[in-house]
Amino acid sequence: MTRSARLGLSLTVLAWAGLGLAPLVLDDWNIGLLTQYVTYGIFALSLGLIWGQAGILCFGQAIFFGIGAYSMALVTLGKLPWLGDSQWTGLALAVLLPMMVAALLGWIMFQGRALSGAHLAIVTLCAAVVCEIAARRWEFIGGFNGLFNVPPLSAPNGDPLSTNATYFFVGIAALLTYLLSLWIGRSPLGTVLAGIRNDERRTLHFGYDVRLHKIFVFTVSGAMAGFAGGLFTTQFGFVSPPLVGFALSTEVLIWVAVGGRSVLMGAFLGALAVRATENAMSASLDQYWLIALGALFILVVVVLPQGLFGKLLALAPPRRLGRGGTR
Amino acid sequence: MQCILGPNGCGKTTLFNVVTGEFAPDGGEVRLGGRNVAGLSPYRISRLGVARKFQVPGVYPELSVAENIEIPLAAGAGRYGPLSLLGYRPDPVRRDRLLDLCGLAGKAGDKVGEIAHGEKQRLEIAMLVARDAELILLDEPTAGMSGAETSAVASLIRRLRDEEGKSILVIEHDMNFVRQLECPIVVMVRGKIVAEGRYEEVSRDPRVIESYLGKRH
Amino acid sequence: MHLNSRISRRKVLFTGAAGALAGLAMPYVARAAGDPIKVGILQPFSGGLEVLGQQGFQGAEMALLEANEAGGVLGGRMFEIVKADDRTDPKTAVERTSELIRRDKVTAIIGPVTSANRDAMLPTIERYKTPLLYATDYEGGVCSRYVTCYSALPAHWVNPLVPYAVENLGKAFYLVGSDYVWPQKMNKAFREEVEKAKAKVVGEEYTPWGAKDYAATLRKIESAGADVVVITIVGADAVTFVKQFAAAGLQSKIKIIFFGFNENYVAGLSEAESNGIVAPSNFIANLDKPEAKAFVQRFHARYGANAVVSNTTDAHYTLTRFFIEGVKKAGADDKEKILAAMVGQSLMSGNGEVDLRASDRHADLNVLIVQVDNGQLKVLKDLGRIVAPSQCG
Amino acid sequence: MQATIALLLDTANFTLALLLVTLGLVVIFGLMNVINMAHGEFFLIGAYVVVAVSGATGSFWLGLLLAPVVLALVGLLVEWLIIRHIYHRFIDTILATWGLSLVIKQGVVVLFGPGAQSVPNPLPTAVDVFGVQYPAYRLFIMALAAALALATYYLFFRTKLGLQIRGVIANRAMAASLGINTRRMDRATFAVGSALAGFAGAVMAPIMSVDPQMGVGFLIPSFLSVLVGGVNSLVGALIGSGVIGGATTIFSAGISQADAQILVFLLAMIIIRFLPNGIIGGRK
Amino acid sequence: MLQVENLVAGYPSGGRVLKGATFDVAKGEVVALLGRNGMGKTTLMRALAGQLATQGGSFRLDGRELGNCPSYVIANEGIGYVPQGREIFKDFTVEENLLMGVLGKPRLPNRLPPDIYDFFPVLGERRRQKAGTMSGGQQQQLAIMRCLVGQPKLLLLDEPSEGIQPSIVDEIGRTLQAIARSTGLTILVVEQNLDFVETLAGRALFMENGVIADRADRIGQLRERPELVHRYLSI
């Protein structure tokens, strides 16, 4: 293992250990905040998977996040009586529904002559705008103001989980999502996706149904984003149309780009870092904070195309692909 | 094994593009094992056992040598969809043999964009072998290689034919290399076949010489 | 100096010149009287509604600073203001709410502007049992122990305005609004009142957010034979609409009723474009009443003669004063006690005496019908106190 | 009859207004392959130049003339500071210009305040067009947009500078090997694109709300116009603006404008999905 | 006139194709550069034209160091480049293509000289036609003229006969020879067609593996020493 790969591995482990030990040093309020950031981190992972791994730049990732959030809200508020109102059902729907929508959208976009580049970006962006408008006008899901009073995550007996318990629940969910993405990325499937990102035509000529692979990873990503959306709703207690819209789609793109799209952990930590910076700046710089944020962002993009953590957190290739082979 | 010889721009690469499904032909058929495959998409044709080498080496520059090899190795599993790839474990012995074959055994972890041009060409041939195809199409496999390297590639290709029993179609304009392949040759000029036969016969054909060297030779 | 030592990164204790003097004069009193009472002002300071956010903030801030300058409450305790920006975005609003309550431990939150943000904040507000003071006009229907509204409801503005409009402006109305809930509720109420008044609605239409071209809509308004166009488009889109309405030469044929029009819109329109717009309002800056003049004068003394005073400023100021009086009456900074004490009172607003009902925590407001005349809002008719139906149940 | 003429005028009007905004985008996105998310903010600066100049001198027309000049300078600055570092990083152009749009928008808030500014209509009369009363200023915009489109066409297809710019776009390396200073052409192209955006902002200022958010609403329709018509082509931009502007106006004549918007977006997505090269590119 | 010393160049990703080429070309000379595909000929041409960054060594034109100059500077110093595959502007008319050859040169008037179509009359006939619609041979003529209107001191020609009818190859060869004789133009040409080389060039250099491996100081040696041709061209 090279030095940089060792550094990447230790920093990744350190980051998770740090997250695990956070309740020892942080107070109740900060843990609540961290829980929110970690939820956004799961969302960022979902984009990191398709963008960093398969090269699909989706400008409408919030569609899946929002559908997940709405699913959770509708179930736990008892608006879908035939499904009951259990949070587990809610989470299951928050994963399944966005997954199906992603599969459908992926099928539309990638079949035949697939959309890519600017076209894919603008079409997904438009899809997000259309979904947001549709959500605003659909009374059943709360219309413009959305739905509120979504119950927080609760223990089986109905009591809301404590701040720390919620944190660990969300944190473990994030860890599992991360491990799932990591598993996909480091399996031969990940190699093939990287191949598609790198040279779609070559991969096609090796006999891969490129379209199917893209739809598959898009679907997995949709499910992850929806899962993040479901967890989000339990913490924030509401859903409303901006959650499926253009603004949030752009935000997640920014998190991933700043964190580093080529490395999953970079995308995850990007969400935490950007949200935290925004909060700090918005508090201390008054009306100049947006200017500072914009400038900082330009700087990262121009000077660090790999993102803040792209280089730092790069892991060694899986053992089977290691330097010098297996012997 | 068959070799198609012809000067640059005579339609060799276009022929490959039609055979592998890159373009649909304007007319005529492409038969593979008796089945007309013209107009099928490239991945379907590839699954029928056709593998193709590109003229500009069709390797993945951002990936490592090992990853480059893994993609064609896993293609057999990949035909059952993405999920089957998740659990797929490539045979390490076979992989190492392929790396040896292309002479990149020590460079498994190197990024392909940064290895030498000749190494990329050899890597791509090894990738075709990894793909386990019946019919291998090689588009100028020695472009950019020195004399010694060319001979090595020629013997590698002969081995594929003799030991592994592959059908091989080579596009080349380098007469010297073609001679080393010891195979039947057709010569294409401007999209049409002008001569065919063994190297010795073809190389004496006046039309071939004209197309290659200009008419006064 | 001791005041500054309490100001952490974002907790800014605002004191005017007079406040500083008062503070210096009795530092020991303040310290002895205990910690300041923290109040969060959560407004949009970015994201598109900065104008309203700024005015809402100034209104609330002025009320709190005046209380501090008058020696504080509960035996000299000062109010400490925590300013927070909801960026006109619901999830940010919730994050800020949670921050204000859990980290800054505020006693109450004043804000936000949009209904969407208010609804999004509601679960957090109720979960942590913290009073929310909401002072923007909205569509009605909020009924929560923790939310107190100083808001013009459809019943405040639509019901008294329609008879006046039918009598003075015309009998055929075209309703055009932004594509969301407040215009829809306003227009629903408007339709009902128009039917009662034996006039008719000749068209109703919703336009998308950020629309830049209203030619097709203007054409429909003209061809529908409308006498009056009723605007519930909000923000910048409304300015665009009125500009294009004027450019199309429709002003001479069709009158404008503009719900939510206030002094802020005047700057975005030329005098020719805004002339003749009729709107209901609870307060205007050049209202000819002593309480209004005094309020505007104090406001200008504090924020400069050019600062815009609007309905929003007055609403936030008055509602904050209800809260301050509530604290005094409760005799403690206990949230539940304050909640109980602040309702059921009457206070003098910028426009007459106002009642805050205990039943549904909404205010009975005084309503004016105003018209724009050479870039100035003028009162056409003072309708006095309007009692809206209860918003609970 | 009158209704038809009115509808035609309205359609032509929105199409040309959209074309006016799209022109700058076509130059920067279509020709240089830079997705400029700050295009709306260039538009915004153009409008505020009019606010500032007409505030200082009382002349709207002077502001109209100065806006493209100011924006050309802004374009040069932005190109030098940001864009030239990321020409070959297509995705990064989206991200960096998004950051830029934040900076500009908030910069305007800091300088001019968040509220709307008034730019009085310089031609506040209506003119009779085949029996339809039509606002004079809208006719002015239509004429100007048409003239500007022609001028842009002329610049790119009939002048030697245009030839060089097109040459650089078609084959950068070859153009450089013929002695053309490609860096200078990049700068010129970006400046022209920015100036067009600023001019559009200045022209539109009298008939729309001039506030820091004013550029946002145009971003999506103008990107759609470029993609629907066909990237890389001024004629494509005209067709794209025609489809988006025409569909918006015609749908709005029958149904609520908010419903029309959804239909237009869906229509555009379908066109882009099935004709990735745009209407002009056909189904290659 | 052109001095190339130990020139090293290759792909931007770092692979080296040119591994230290050294040679000189004198004023008025026509030199052929021969070698099999992939030996670095085109890389050398592109490096001399400034389209690839040099990674080592240097090259000078009339004593001025041009290594790592941007290609438009190199073009303005007098190196004209006709690349392999011609790279004409397909959507431009013939006339516009030719104009592109002068517009970038500040020292030339930015219009076409009146006698421009004398060399290849077919271009004059088709001056308003889109260049992409012409045959390969005509496109090659256009590419050469586009370069020549810029009045280069040194012309780099990469595979001018590739994919072109023999009759037109002859015409191009004769015309270039006439231009070289009458104007003293210096030419460095990469070519596989030995006939063409013999028509045009005075001497030849052989490339193998990124270096100049051998030379034929008179073009006649190509016939006298068949082993050279055999070894370096595999024929």
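Should a chain be cited, it is by its letter among A, B, C, D and E, assigned in written order, with residues numbered from 1 in that chain.
In the analysis below, a contact is a pair of C-beta atoms (placed from the backbone, for glycine too) under 8 Å apart; a residue touches a chain by one contact, two chains touch by 3 or more.
These numbers come from a predicted model, not from an experiment.
**Student:** Please report the minimal path length, in steps, between chain A and chain E on the chain touch graph.
**Tutor:** The distance in steps between these two chains is 2.
**Student:** Which contact partners do chain B and chain E have in common?
**Tutor:** Both-contact set = empty.
**Student:** Determine, using the mean of C-alpha atoms as each chain's centre, which chain is farthest from chain D.
**Tutor:** Result for the farthest chain: B.
**Student:** Would you mind telling me which chain pair, D-E or C-D, is linked by more contacting C-beta pairs?
**Tutor:** C-D
**Student:** Of all chains present, which has the mean Cα position farthest from that of chain E?
**Tutor:** Computed centres place C farthest from chain E.
**Student:** How many angstrom between the C-alpha centroids of chain C and chain B?
**Tutor:** 74
**Student:** With chain centres defined as C-alpha means, what is the inter-centre distance between chain A and chain D in Å?
**Tutor:** Averaging C-alpha atoms per chain gives centres 33 Å apart.
**Student:** Distance from the CA centroid of chain A to that of chain B, rounded to the nearest Å?
**Tutor:** Whole-Å distance between the two chain centres: 41.
**Student:** If I count partner chains per residue in chain A, which residues reach a count of at least 2?
**Tutor:** 133, 137, 287, 290
**Student:** Please set out, as single numbers or ranges, the residues of chain E touching at least two other chains.
**Tutor:** Not one residue in chain E touches at least two other chains.
**Student:** Of all the residues in chain B, which ones touch at least 2 other chains?
**Tutor:** Expected reply: 61.
**Student:** With touch defined as at the start, can you tell me which chain A residues reach chain D in the complex?
**Tutor:** For chain A paired with chain D, touching residues are 57, 108-109, 113, 115, 117-119, 121-123, 125-127, 129-130, 133-134, 137, 250, 253-254, 257, 287-288, 290-291, 293-298, 301-302, 305.
**Student:** Of all residues in chain A, which touch chain C in the complex?
**Tutor:** 28-30, 32-33, 36, 133, 136-137, 143-146, 148-150, 152, 232, 236-238, 240-243, 247-248, 279, 282-284, 287, 290
**Student:** Within the complex, which stretch of chain D touches chain C?
**Tutor:** Chain D reaches chain C through residues 3, 6-7, 10, 13-14, 17, 106, 109, 113-121, 124-126, 133, 135, 137-138, 204, 206-211, 213-214, 216-218, 248-249, 252-253, 256-258, 260-261.
**Student:** Can you list the residues on chain D that touch chain E in the complex?
**Tutor:** Against chain E, the touching part of chain D is residues 160, 163-164, 166-167, 170-171, 173-183.
**Student:** Could you pull out which chain C residues touch chain A in their complex?
**Tutor:** By the definition above, chain C touches chain A via 9-10, 45-46, 85, 87, 89-91, 94-95, 98-99, 102-103, 115-116, 119-124, 126-127, 179-181, 208.
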